[in-house]
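Two complexes, one shared chain (chain A), two partners (chain B, chain C).
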Partner chain A sequence: MKVLIVDDEKSLAEILCQRLKLRSIDTDVVFDGESALQYVSNIEPDVMVLDLNMPGMNGMEVLRKIKVTNPRIQVIIFTGHGSEHDEHEAKGLGAHSFLMKPANVNVLLSHIMAAYSNR
Partner chain B sequence: MNDDIKDTETFREKLKNIIVCIKSFCIFNSGEPTAFNKYRYRQLQVKLFLFIAVLSLIPLILVSTSSYFWLQNTLSEDFNNQLRSQLEGVKNSLEFFLDVKLSALRFIASSYNQDELLNHEKMKDIYTNLKKEFEDIIDFGVINSNGIMESYVGPYNLAGTDFSKQFWFNNVIVNGFYVSSIYSGYRNVPHFIIVVRKDLPEKGTFLIIRAAVNVKTLNSILSPITLKQEDDAFLIDYNGIIQTPSRFHGKLLDEYKMQPPPRQNLVTLESRKEDGERYIHGYVYIKNAPWILNAIIKSLEKRSLATISSGEILLIIFGSVFVVFIVSIRMSQILINRIKKSDRLREEALKEIEHTNKLASIGRLAAGVAHEINNPLSIISQKAGLMKDFIDMSSDMETNKELIENLFTKDKFIELTNGITSAVDRCRTITHRLLGFARRMSVSIEELNINELVKEVLIFTEKEISRRNVQIELDFYEKLPKIKSDKGLLQQVILNIITNAADAVDDNGLIMIKTYKEEAGSIWIAIKDDGHGIPKSQIKHIFEPFFTTKGKDKGTGLGLSISYGIIKKLGGTLSVQSEVNKGTTFYINLPVEANIEI
Partner chain C sequence: MPVKADTQLKQNKEYIMSDQLKFIASILSIFTHELNNHSSIMNESAGLVLDLIEIKKGSPDCGLDQISSVTGGITGQIKKTTALVKYLNSFAHRMDNPLSNYNLYEVIEELIMLMNRVLNQKEITVDMDFIKDDLTVLGNPSILQYIIFSIIQGYLKCLKGGDGIIINILKGESTVEIKFHHRSKQSISFDEDIDSSDAIKQIGASIVYGDGDTGLTLILPLTVEVTF
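Right, the complex of A and B next:
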C-alpha cells in the first residue's frame, strides 16, 4: 500500500509521514497541488491525504483532476477549515472521506485502511 | 523550525488584517453627538417656521393691501362723484338765477314799447314790480344806441351818464345780452350788471335795458359747498378776479393767484398737492356769464378710509399676523416632531443592521481564528503523538528495533519539543493579538512608504490572485514621499480595493497599481482593473453602506463604505471611475502630513 500526503503545512506533513512509516505504511509527502499531480503521473499511490487550503492549486482542484486521470486513487480530505459545504463538494467529486484537523493519527490510519480496502 | 517562524509571520499579518476590519467597524459606528442634533433640529424648525409664516403672510398682505386700495379708490370715486354733482347743482342754480333775471329783462324789453320805456313814471312802476320779484336788483335803466342813460330808476343818479365807452357796451350790441363780472364801479359797492338789447326795427335802432344786481344772492348759492371749515368755493371771472368772498384765496375783487383753467362746460376735478397737503380742485364755467366756479376741497383726507377705519384695519391685520404666527409655530413643531421621529426610527433600524453585521463579522473573525489555531494544534498533536509512538515502540523492542534506534535519538526528541513550543507560540500570538485588538482602537500615526505598504498588502492577496492567475502590474513612483498615516487602516483600504478588483476581473485578468504625485502635500494611489466595470446607475451607490453587487455569500456591502470612511478620517479622498466592460479605477489621494480628525 502506498500513501501520498499533500499539505502546505510542511512540518505537519513530514511528521504525519514519519508516524505512518512507523506504522509500516509506505508514505510519501509533497507540499503543493502541482507537485502532487506530478508525483501521481509517475507513481500511482493507493490513498492520498489531501489538504484543501493551499497556495496555487487548491485541494479541491487537485481532487477534480486526480479523479479524471487516476480514478482508482482513494482521496481523504484532511483540512483545518472544512465547512459542510466543502465536505459536500468533495464527496460529490469522489473523495472517500472528509477529516477535520487536528485528528489522532490512529483515526487517520483507520480512514486510510478503510479507503484502501475500498479500492 | 524556520518554516514555523515564517508561518507565524504570515499568520500575524492575516490576523492583523481581520482586526483592522473590525476596528474600522468601530470607527464607523460612533454616533453623532446629541447636542449637534438638537441645534440642527432647532435651525430646521426656525427655517420651517419662517417658510410657513412668509408663505401665509404674502397672500394676506397682498389681499389686504389690494382691498385697502380698492376700497379707498371706491370711496374717493364716490366722494368725487358727490362733489361733482354738488358743483353741478351750484352751477345750475347760478345759471337759473341768471336766466330768471335775463328772462325778466327780456320780458320787459318785449312787453313795453320805446315810449313806455323812456317814460320815467312807467319805469318807476316797472322797477317797483321788478323789485317785488327780485330783491337783489339795485337799479334799473334804459340806454339809447349812443350809450346815454336815458331813463334811470335807482338809488344813484345815473341818468344822462354816457356808457358808450364801457367794456360791455359793444358786447351787448353784438350778442343781444350781457352779464358782467362783479366790480365796484362808480358806487364802490360790489355788483354786477345784466343788460339786454331791445331792437327797434322800424327806426333801425335799438335800446339797452340795464339792471345792476347785488352779489348777496350769489354768495348764498355757493354756500352748500363751503360747509366744511377747510373747504373753499368762490367764483372768479375770466381775468382771474375773485367774484365772491373766499375763505383762503383772497378778498373779493382781488386777483386769484391761479390762472383761470381751460374752458370746460362740464365739472372738472383735479387732484393737487400744495405744501404737502392733498386737495381737490373742482371748477366749471358758468353759462351766459364770465364766471368760473372754483371749489378747493381739502376735507377729503378725513373722509377717506385711512382715517375712518385704520384702527379696525390694523386690528384685523395684526390679528391675522398673530394667528399666522401661532399656526406657523405649531405646524413647524409638528413637522419637526415627525422628522425627529422618523430620524429616530431610521437610526434604530441602522443600528440594528450595523449590529447584525457586527455579529456577522465577529462570526467570520471566529472562523478565521479557529482555522489559524487548528494548524498549530495539529502540529502539536502530531509531534506529541510521534514522541508517544517512540516511547510505545521502545518498550516493545521486538518490533522495528533498527528503525527505532535510528530515529529515537536525543536530538530528535529535542527537535520535536521545540516544534511543540513553537506551535504553542503561534497560538499565543493569536490570543495576544485578540487581546491587543480589544485594547487598541484609536488611529496610530507613523511614517509610511506607500510603495512598501502596497507590496505588503499584495502578500495577503497572493494566494487568491495566483490561484486565478490574475496578473498584477506595478507602476511605482520611486521618489514618492513618505507620508504620515495609519498603516493598519491603509492596508485595510488597499486590500479591500484590490480584493474587489480581483473579484471584478475574470481569470487571467489584469490589475494595475500605480503610485504618483501630482501636487505638493499629497500623493495618489490608483488601482485599475480590466474587469466588468460598474454601470452608471450603480456607481453613485458604491460608497453607501450595505450596497453590494457580489451577492450575500461574498460581500457585506461594507468594504467600500468603510474604506471611504477611513480615507476621509485620514484626511484624504477616495474616488472611482468606471466604464462597463472596460474596467474600474479607484483613486486614493492622501495628505503627506497627518491631517486626522480626532
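Right, the complex of A and C next:
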C-alpha cells in the first residue's frame, strides 16, 4: 500500500509520514496541491491524506481534479478547520472520509486501512 | 441634537460595532486555526517519541539522537505557540481602554503576526519597512488595528500569490503617516470605499489614496482631542 500525505504544515506532514513508516506503511509527503497533482501523474498512491487549507490550490480543488484523473485513489480529508459544509462537499466529490486534526495516528491508520480496502 | 442625526449616529455606531466584531472573530478564527496546527504538531511529535521508545526498547541502538531531535522540535513548537498566544493576549488587552498611549510599531506588528496564517495561505508577504522605536500615539489602538486590518483585507482581495504589501511609517509634528504600497506584477485598483470609513472618522484619521500603484496613506493624529 502506498500513502501520500498532502499538507502545507511541513513539520506535521513529515512527523505523520515517519509515524506511518514506523507502522510499515509506505508513505510519501508533498506540501502543496500542485505538487500532489504532479506526484500522482507519475506514481499513483492507493490512499491520499489531504489537508484542505493550503496556499495556492486548496484541498477541495485537488480532490476534484484527482477524482477526474485518478479516480481509484482513495482520499481522506485531514483538516484542522473543516466545517460540516466542507465534509458534505468533500464526500460529494468522492472523498472516502473526513477526519479532524489533531487525530490519534492509530485512528488515521484505521481510516487509511478502510480506504485501502475500498479500492 | 435633531432626532434624525441622533438616529444616524446610533446606526453608524452599531455598524462600526458589528463590523469590529467581525474583525475580532476573523482574528480569532485565524488564531485558533494556527493554534490547532501547533497542537497537532506537538501531539504527533510526542507520539513519535513514544513510537521510537516502543520500537527501540531492548535494542542496543536506543535511538537517543532521534528522540532528542524530536523533543527539540516540540520545544521549538512550544516557543512559537507561546509567542503567538502573547500576541493574542496583547491584542485582547488593547480593548481594555478606549483611549491609551500605545507604541504604533508594536500595534502594527501584532496585527500582522496574528494575520500571518491568512497571508501565508494567500502567499502574500507584508514587509514592515520601518525601524522599531518608541513612537507613541494617544488614541484607540483597537480601532487602528481594525482599520489596518480592513486595508490589508482590501489588498488581499486584489493581490495574487507572490505579491506583497509594504508598510512605511513617517512621523510628522502632529500626525503620523502610515503608508501602504503593494508589490505586484499587475496593476490593481484599490476599492476606495473601505468598510472602516466610519471608524477612520472616529479616531480623527484620514486616508489619502495615491494614483495607480502608489497605494494609500493613513494619516493619524499623534494625540486625539478628548471632549468630556
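Note that in this section the second predicted complex is superposed on the first by the 119 of 119 C-alpha atoms of A that agree within 3 Å, B and C clash if a C-alpha of one lies under 4 Å from a C-alpha of the other, contacts with A are read in each partner's own complex, and residues count from 1 in each chain.
Throughout what follows, a residue touches a chain if its C-beta (ideal position, glycine included) is under 8 Å from a C-beta of that chain, and two chains touch if they have at least 3 such contacts.
Note that the structure is predicted; figures quoted are calculated from it, not measured.
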So, after the overlay on chain A, do chain B and chain C clash or fit? They clash
Between chain B and chain C, more residues of chain A are touched by B
Open item on the list: Just checking: does A:Pro102 make contact with chain B only, chain C only, both, or neither of them? Give me first, second, both or neither.
Closed with: both
Check: Touch check for A:Leu93: first (chain B), second (chain C), both, or neither?
Finding: neither
Discussion item. By the touch definition at the top of the document, which applies to A:Met57: first (chain B), second (chain C), both, or neither?
Written reply: first
According to the stated criteria, A:Arg19 is in contact with first (chain B), second (chain C), both, or neither; which is it? both
Check: chain A residues flagged as touching chain B and also chain C 9, 11-12, 15-16, 18-19, 22, 53, 55-56, 80-81, 101-102, 104-105
Residue positions on chain B within touch of chain A in the complex are 3-4, 7, 371, 374-375, 377-383, 385-386, 389, 393, 400, 403, 407, 419, 462-463, 466-467
Touching chain B in the complex, chain A uses residues 9-12, 15-16, 18-19, 22, 24, 53, 55-58, 80-81, 100-105
Chain A partner, complex, touching residues on chain C are 29, 32-33, 36-37, 39-41, 43-45, 47-48, 51-52, 55, 70, 73, 77, 120-123, 161
Chain C partner, complex, touching residues on chain A are 9, 11-12, 15-16, 18-19, 22, 53-56, 80-81, 101-102, 104-105
